[in-house]
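Below you'll find the structure I mean.
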């Protein structure tokens, strides 16, 4: 590892820790560093308690979402050899959203008529949301792969089918949202916007095993990933079996993305941006890029969540909207650059 | 051009026409005032000044016209995109136009006061803005590569969807009502909307048929087109511009109805029984299929759910099923 | 209105006898048993009905939420000291954590899903006020929970008397009045199953949309109205709550409506969107009575900002 790379790792790590601390310190209420230190006392005051109960879990959630999506995006872009690939563009988020909204609808239909009884306690229990989202996201990924599979996976077909399926599923989600009653609509939309509101560790746990397994597979398959940067023949020359490597890596990446979605709903563009920023900073070495994507992903989502909390208190802007508003223009610029490069 | 039996085309077109007419008649005769078909037809002929007559002439008729017109416009818009990208998965949603229009309307719904005129204007501006962005992004000296247009379109669509969500959250709108609009439908659409819709839509529709010779050439790959001595670039730009106009005026009137632009040209291909039917026939039958589809969906939701459900809900669900059934096969056939 | 009085009486009888002593355990609107250690002083009202009740009792409101970014203007200056907790659908948990509330009162459909988070910082009760019977029940239950049962029973009794007086004063020939919640071109007409429409009808007016008999689902208590439906219903008076305020979308068909021709389409205030609190329900009842039967009822005293105005249209 070169010294400059190590310095960069350290710098990003430091930035991540700093943002994490800021994320603990700022919010609707500004805490002092002293309040922050009180977190370690035996009997924390109300502000320290709020930091422990609210800010710490959501900061952790943000970091994990960022790591998952960043690594997932790196794998998608490398395997598909498409710098515009993004897990949220492949119907994964839409599939997860559809599953959750369907479950909300079913829960609502099963509950007794809440209008007459005023006891709407039987909405979908929040702890059930992550596994349902995971199932929906993976199902959508399988569907996209099945639709675009023809003697292997053509990256272009995958992008096109993913985008069309995302549009299709979003349409169905909207129809379902409409058929829920008004109160469910508000909750559903808060979730669909990708929000860390009231997210705690209970939302994080179900997403951890999948995520860790996915990260492990990707780390172990790093040599494959290096080979897959080139076309299939070259990859074979490196001794990489595309028939095995491509599905394994894509499944791991999809699992990571679906796990991220299951924590807080769809958080757009992170998987797209992070690998680009990483390439800009680190150059082409894949193991550096992997670590870089972990660091940058966590940093990006933590920063976005922090911004969403301090822009317009007491109202919180969902983290998914902040990342989308930051990410979409950059996505447009990337496409533009891509096109200019393709032409010249 | 692979030939096909003209009798089959005529028969299929006749079936669609009958379906479209039946849906329109059902739409004109059904509503809160019990008029029935007979009295509705009489009211169409002569206004007797009653509320029932007013409902038929001023409320149901423009609404039915809007439904059929929007269906035809979206079908043409989708067919054009499919020709340009040489891929039957084309849909106006893939050029970012639908999302852009939706964004324009959402802005005017939540932040400005919205008279129908303003709403339609905002929809067209949003759609045009999105289309401009898409082509600005996809433009290069080598012309418009179809796939790049789609990629740029997806980027623009995702951006405008995010921006729409942001507008919704920031304005604290009642989401249900905004979603009600975003699913698309014809509730409370009248002559005001029709008056804004038909001039642009019919001009663009006529222009589509005027450029069919150019469109025919787009079916071949660039090399073949070049060997035929044709300027494929010009045809593409014209086709895409017309597709954008048709989609934008439709979305401005009815909201972003999903799948019509994808399903109607497919139905036309199936009905004509040819993978590459004659371009003009295919376009005409596609438009007819779109009109029949949306008019029937609106009439059905009106009769079955008494206005509670926007037509877009039915179209989205049916369209989604058709999409899944046809998508894989359609893609394979295309290459 | 006899059945309402009977329902309220039944509730009174079912009330636990040891109200007023703390710690006490109460069952809230979602059916949860909650123990309050002491008489709550600092109360946060995520649900406007609770803020309304506290103001009616002359007690301070420690925290309040907004709806479409609006504070409940009909409660006037009483809201000035309250902490703004943000939108009713996602009240700010951090503010709740540090504001040292003794009790947080929420609205079941919006806030109950986050009960676990809210309960970390204070006891949490949640209620609904879908119709008059439920409003009576909720006011009485919440009154018991905060040790003000005598006052809230009196409020309920006074309100039932008001309804009975109105029933007695109702003219022989009732007028038709419709309550509509509008967002641009989409109009939702309330049936009598929903409290606002029920209050409007309690003035002796008739709701042309009627009441759903049989099972009430989440979506059949209101109707999406097309212009043609309005023509068919053609009520004498239309009370419209315009979402996000400002002028309403105009449709040419309005010109054929009696209410339009006689200038009796009104844009009504915040309290019509959340009418379950004791102040809101009385205000809605009295103002609707004045708007529908101006010759019988005078306009009630209320903050000017919350008063109904002739509806303006965006053309």
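Labels A, B and C are assigned to the chains in the order they are written; within every chain, residues are numbered from 1.
Throughout what follows, a contact is a pair of C-beta atoms (placed from the backbone, for glycine too) under 8 Å apart; a residue touches a chain by one contact, two chains touch by 3 or more.
Because the structure is predicted, anything quoted here is derived from the model rather than measured.
A count of contacting C-beta pairs for A-C and for B-C identifies A-C as the more extensively joined pair. Comparing mean CA positions across the assembly, the chain most remote from chain B is C. Chain centres here are Cα means. That of chain A falls 33 Å from that of chain B.
Chain A and chain C have CA centres that are 40 Å apart.
Here the spacing of chain B and chain C, counted between their Cα centres, is 42 Å.
Across the assembly, chain C contributes 87, 219 as residues in contact with two or more other chains. For chain A, the set of residues touching two or more other chains reads 179, 182, 186, 315. Residue positions of chain B touching 2 or more other chains: 172, 174, 180. Contact residues of chain B toward chain A in the complex are 87, 89, 91, 93-94, 133, 137-142, 145, 147-148, 150-152, 154-159, 161-163, 165-166, 168-170, 172, 174-176, 179-180, 182-183, 258-259, 309-310, 312-313, 316-317, 319-320, 323-324, 327-328, 331-332.
Interface of chain A with chain B (complex): residues 84, 89, 146-148, 150, 156-157, 159-161, 163-164, 167-172, 174-175, 177-179, 182, 185-186, 189, 192-193, 268-269, 312, 315, 317-318, 320-321, 324-325, 328-329, 331-332, 335-336, 339-340, 342-343. Those residues of chain A lying in contact with chain C across their complex are 27-29, 46-47, 49-50, 53-55, 108, 113-116, 118-121, 123, 126, 179-184, 186-187, 190, 195, 197-198, 200, 313-316.
Within the complex formed with chain B, the chain C residues making contact are 66, 68-69, 87, 183-187, 219, 223-229, 231-234, 243-244, 246-247, 249-253, 256, 314-315. Remark: chain B residues 31-33, 51, 54-55, 58-60, 109-110, 113-116, 119, 171-174, 177-178, 180-181, 187-192, 307-308 touch chain C in the complex.
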